[in-house]
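Common to both upcoming complexes is chain A, partnered first by chain B, then by chain C.
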Partner chain A sequence: MKTNRKSVAVDYLVFVAPVLLLFSVFFLFPFFMGGLYSLTNWDGVRPNLNFVGFDNYLSLLTDSDYLSIFTFTVGFVLLNVLLTLFSGFLLALVLEQGSRSNRVLRILFFLPNILSPLVAGFVWTFMFNSVLPNVGQVLNWPLQDIRLLADPATAFGALVGVSFWQSLGYVMIIYVAGLNTLDKSVLESVMLEGAGAWTRIRFIVLPLIMPAITVNLFWLLSQSFRLFDLNLALTGGGPGKSTTAMALDIYRDGFARNQMGSGSAKAMVLFLLVFVVTLVQLRITKSREVSQ
Partner chain B sequence: MKRFVRATLLGIAAFVVLLPVLIALMNSFKPLGRILADVLELPTSLRLESYFHVIEAGNYGLGFLNTFMITVFAVGLSLLGAAMVAFHLARRATAFADGLLILFSISMLVPFQTIMLPLVKVGSLLHVTDSLPGLILVMIPLFSPFAILTYHGFVKSIPRELDEAAEIDGASRFRLFFTIIAPMMSPVTSSLVVIYTLWSWNDFALPLVFLSSAGNRTVTLVTFVYYSSQNMRWDFILAALGLAAIPVILFYVLMQRFIIRGVTDGALKG
Partner chain C sequence: MKRFIFVSVVVMFLSVSAMAEDTTVRWYQYQVEVADQVNAMVKAYAAEHPGVKIEPTVLGDVYWDQLKVRAAAVDMPDVFMTDGYSRIKTYRQYALDMTKDPLAANIVEGAKPAISLDGKIMGLPAQMSGWGVVYNKDLFAKAGVAIPKTWNELIKVTADLKSKGITPWVNQYKDAWLLGQLVGTAVGKIPNVSDFVTKANAGKAKLAEQEVLKRTVDILDLTLANGQKNPLNDGWNEACALMAQGKGAMMLEGIWVYDTIKSINPDAKVGLFALPFSNSVADTKLSADVNGTYHILANGKNVGVVKDLFNWLLNTPSGQKFFLNTGFIPAYKGLPSRLNDLGRDANDYIQAGKTTIWGWVVGPPNFQADSGTVFQEYILGKTNKTTVLKALDDLWAKLLQ
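Let's turn to the complex of A and B:
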């Protein structure tokens, strides 16, 4: 095949340039501008701005609001990831076989995942604020005064719960695909040698479905750190700022509080956090993948 | 017996999972008085008054039209662009081509909120904010990377001899792509189309910060704005949520095979 320089350039121009141009203008450029803004005290509106070095980053360290937002986000991520990763696996073990009823159940469990988190958040707000008290009233159970979204601790639980409700089906589907690739004869032979259920799962199933765990952990981590739509819909970050996650806080800095500088610094912190955590996770779980 | 118990328990679990959606939909057909009196009471008729009211008051007609146009163009152009990029990068396989592929992959690790604030500034500088074509232009680079990776893996499995045979016959790379490679990609494309349609239809953060005038709102934005404007009018709110959710649920029911296949293929092969 003749590949002279000119035809290579033409091919790049035809095949790659259109997407790459848009990618540069609407992704790479904003990304670097964000890094630049984070070093200024710009309010995002007026034309005057000063470079302040790393002041925005340093002041985050002593900003008690930000520290609680950071702690909330990390807590949400940890709880949500562990809960879903574990429960999804159990559900997948139960629904693994390809019988007709299992297929229908898998489709039902996956359904919450296709709703937009915004709509899911509003539906659950109705459940928490209206359905629960009403059911209490009608059945005369003491549920009337429970306002799950009005208390920081239960609002946190509600966010984890709804997020769990939306992610469980996804995680389960990935595990089922992983389990289906298992060589069943291996399991049968260790069963014949008298291995119990736990031994089989711990030493045979888990190592062999590590690719599915890698995918699920990666997906759950990136989803949880990006909590935004659901946050806005379900709690609006409240009561107070108690359930504000990092992404919502960045949005408010930029569009409600006119703090482009500090909002951009927070945006970079969020990026670094997601980037480092997911890369470390990929390294760890990938290294444990074994080939069958 | 054991099987029966297991099936019953799972059936109950699945019902509980669907319960919030079912209760919300059920109450969307009831007048406010009946919702407040007893949320668990079944509606006596398929009462659509709240729906008619909300379609009018929330401007859902325009919302659906906007979302539909955005979805058709954003999904179509993203996948076309991604397929072309993937084909070229997979066939070049030079350090530069691999570097670009890594760049696209890394971009998927960047949360949208990291670029959100400057993206809006860049958009208004280029006069593309608050316009649907502008929104589509911004969606393409955000949507493409996942499809680029998926297509890239697929193109590597297509033998190069095919390219060479086409070139000996005098076909340009452009023609080779459109007449031979793109049709071969269609199984991947069909999965990506359904997944991307869902992404685009449910997209909220980008339209929220990028579109401002009422005439440009998408379904999620219309729902957000309408919900925020109503206080305790659950009859209207639930109809609004129904309008937002029912098309997605119908799409899921029709396409679930593709959606579930697309999710697992993309995830486990990527």
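Let's turn to the complex of A and C:
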């Protein structure tokens, strides 16, 4: 019997249609509208707007503020991703064994991830400003005059630190899941062959948990590029403009400066950046995945 | 007879439909701190006016985003708020012209610049508010200093406090908006400021050429040299705590810090005086302006009902309780008030007409927060006394694009 291709296509469409409709209305449509607004000088309120071509994009090239925001964001992403990716793996190696204390520790490390970044930001502002100096006073350590959020360099460090504290647990859980699927007999046999710990990790463990690395790297990259809540709550982009990441800048353009056009253009640039970077990353890490 | 039947049918129809359907007035309120008072007002009005229901939405920082979303969705509330000036321009098509309305007849003079657009009164101000130097009365008494009325006296008071071992200034410079209020206060003192704004918008006038702006940098330097360490670390909570605990004698702030300071230390005695920019006593006026103005939705279906509501608020004792409960400084002649220490000090300046406008609201969108950021970069040492003012002018131009 000949398969009726047309009816198969119709069947597919029927099943996909509800989701496709929702996706179009809530994702595709706003996305294309954003692209459209990025070509205008819309202020976000008034119904009248003019098309200005690629002016919003071109002016970014000469905007020194935007350049520093861009470099800050890229710096944050690099440091945050590498730090969390590496530490999460080490932590997972240590906590991989399913003993009871390890299970409790895993939960403890995962807990910060449940907090909303906004709450985490406010809690840590309080820690840096009130708890730390008071602890210093009680213990007579020279902590009283340390104000992490007052200086651009330490504020950057604080931002990376709190972000690390929040995402470490999540990354660790993914790694632990990956490690648990490892075939223990493979590890045992290479151990009998006399392979050391480093060799086992480098040539057996790492290639086999590559899927976990792919997931973690993807998650971390996209999370870090879109840093917003924590940025707003912890440093507010300051002191000065020193810790303003791209998403916060987009928000301020659109909603505070009444420059929805320019904000949309910046949002499109951020989208392209995340899109290209994660696509390249997925290509590279996927190609290194091996099956057991 | 026919006519009578017709009229009574119409009357019956109208009363039935009025009974069947309550009128709902959607009220958008900025400033979460008055949420309780708004809810109390809503209850009081409902008790006296069956058939009309006020549906309040009280929002904090997200208010402006929400208002923007409502406008974009063509779903504006019957009563909404702006902070006047350029924000009215943005929402002018939604705001009812109140110029000839009796509700606007008693608005105080000092409130009018904020709510006027092209000579028309576009809103009903909620309250007046003042910004200047909040000071600790006990520490001033301890050091034996009086309220400074000129720039030189301010320098002297700072030095006298310091010589008595008191930290003169508490600097809340993590908050860019606070520094923006300092910049804005200076802008408000530029002679003929509305003319200046028009010229600045055309690129024909510069902030850097204004004497008051140059003095503003001196004021910033004075506070930095005589304040707590790490001023960029301390925002509202930290600064209010330092003030409340008497760890500093003066801070640049508005009357709105009163509750926060009192909640940390109920015994703190604070007052407010105008920040002196020059050595002329007559020039030393309080930076005071409308803090939030109500707008009645133009072309809304409830215009009449909303006007009745405001008439009740402004002209009946039960409505006026709203203004007593909020502790608002009245923006209307003859409206009763219940003020705290800071409000009373500000009201004295307002009654005497010794006020200048809040310049931070006449600049381009977000000039307040962004100009504060420019001052933060000065504090970080990225700009100097000359370049910081040029950076302000560059910002003004950039925000206009």
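Methods note: the second predicted complex is superposed on the first by the 267 of 292 C-alpha atoms of A that agree within 3 Å, B and C clash if a C-alpha of one lies under 4 Å from a C-alpha of the other, contacts with A are read in each partner's own complex, and residues count from 1 in each chain.
Quick note on the criterion: contacts are C-beta pairs under 8 Å (C-beta built on N, C-alpha and C of every residue); 3 or more make two chains touch, one makes a residue touch a chain.
Source: prediction; values computed, not measured.
Peer 1: Which of the two partners, first being chain B and second being chain C, lies in contact with A:116: first, second, both, or neither?
Peer 2: A:116 contacts chain B only, not chain C.
Peer 1: Identify the partner contact of A:44: answer first if only chain B is touched, second if only chain C is, both if each is, neither if none is.
Peer 2: both
Peer 1: Considering only the touch criterion stated at the top, classify A:270 as touching first (chain B), second (chain C), both, or neither.
Peer 2: A:270: touches chain B, not chain C.
Peer 1: Which of the two, chain B or chain C, is in touch with more residues of chain A?
Peer 2: More residues of chain A are touched by B.
Peer 1: Which holds for A:150: it touches chain B only (first), chain C only (second), both, or neither?
Peer 2: A:150 sits against chain C, while chain B stays out of touch.
Peer 1: Is A:255 touching anything from chain B or chain C once the two structures are fitted on A? First, second, both or neither.
Peer 2: So A:255 meets both chain B and chain C here.
Peer 1: Given the touch rule stated above, what does A:88 touch, chain B (first), chain C (second), both, or neither?
Peer 2: A:88 contacts neither chain B nor chain C.
Peer 1: Once the two structures are superposed, pull the chain A residues common to the chain B and chain C interfaces.
Peer 2: 44, 130, 255
Peer 1: What does chain B use to touch chain A in their complex?
Peer 2: Interface residues on the chain B side: 6-7, 10-11, 14, 17-18, 20-21, 23-24, 27, 35-36, 38-40, 81-82, 84-85, 87-89, 92, 100, 104, 107, 109-123, 126, 137-138, 140-142, 144, 148, 163-164, 167, 173-174, 177, 198, 201-205, 209, 220, 223-224, 227, 234, 237-238, 241, 244-245, 248-249, 251-252, 256, 259-260, 263-264, 267-268.
Peer 1: Going by the contact rule at the top, pick out the chain A residues touching chain B in the complex.
Peer 2: Within the complex, chain A touches chain B at residues 1, 8, 11-12, 14-16, 18-20, 22-23, 25-27, 29-31, 33-34, 37, 44, 94-95, 101, 105-112, 114-119, 122-124, 126-127, 130-131, 134-135, 138, 165, 168-170, 173-174, 177-178, 211-212, 215, 219, 222, 225-226, 228-229, 232-233, 246-247, 250-251, 253-255, 260, 263-264, 267-268, 270-271, 274-275, 278-279.
Peer 1: For chain C, which residues count as touching chain A in their complex?
Peer 2: 64-65, 68, 71-72, 90-91, 174, 176, 229-234, 238, 365-366, 369-370, 373, 376-377, 379-380, 382, 399, 401
Peer 1: Which stretch or stretches of chain A touch chain C in the complex?
Peer 2: 43-46, 59, 129-130, 145, 147-152, 236-242, 252, 255-259, 262
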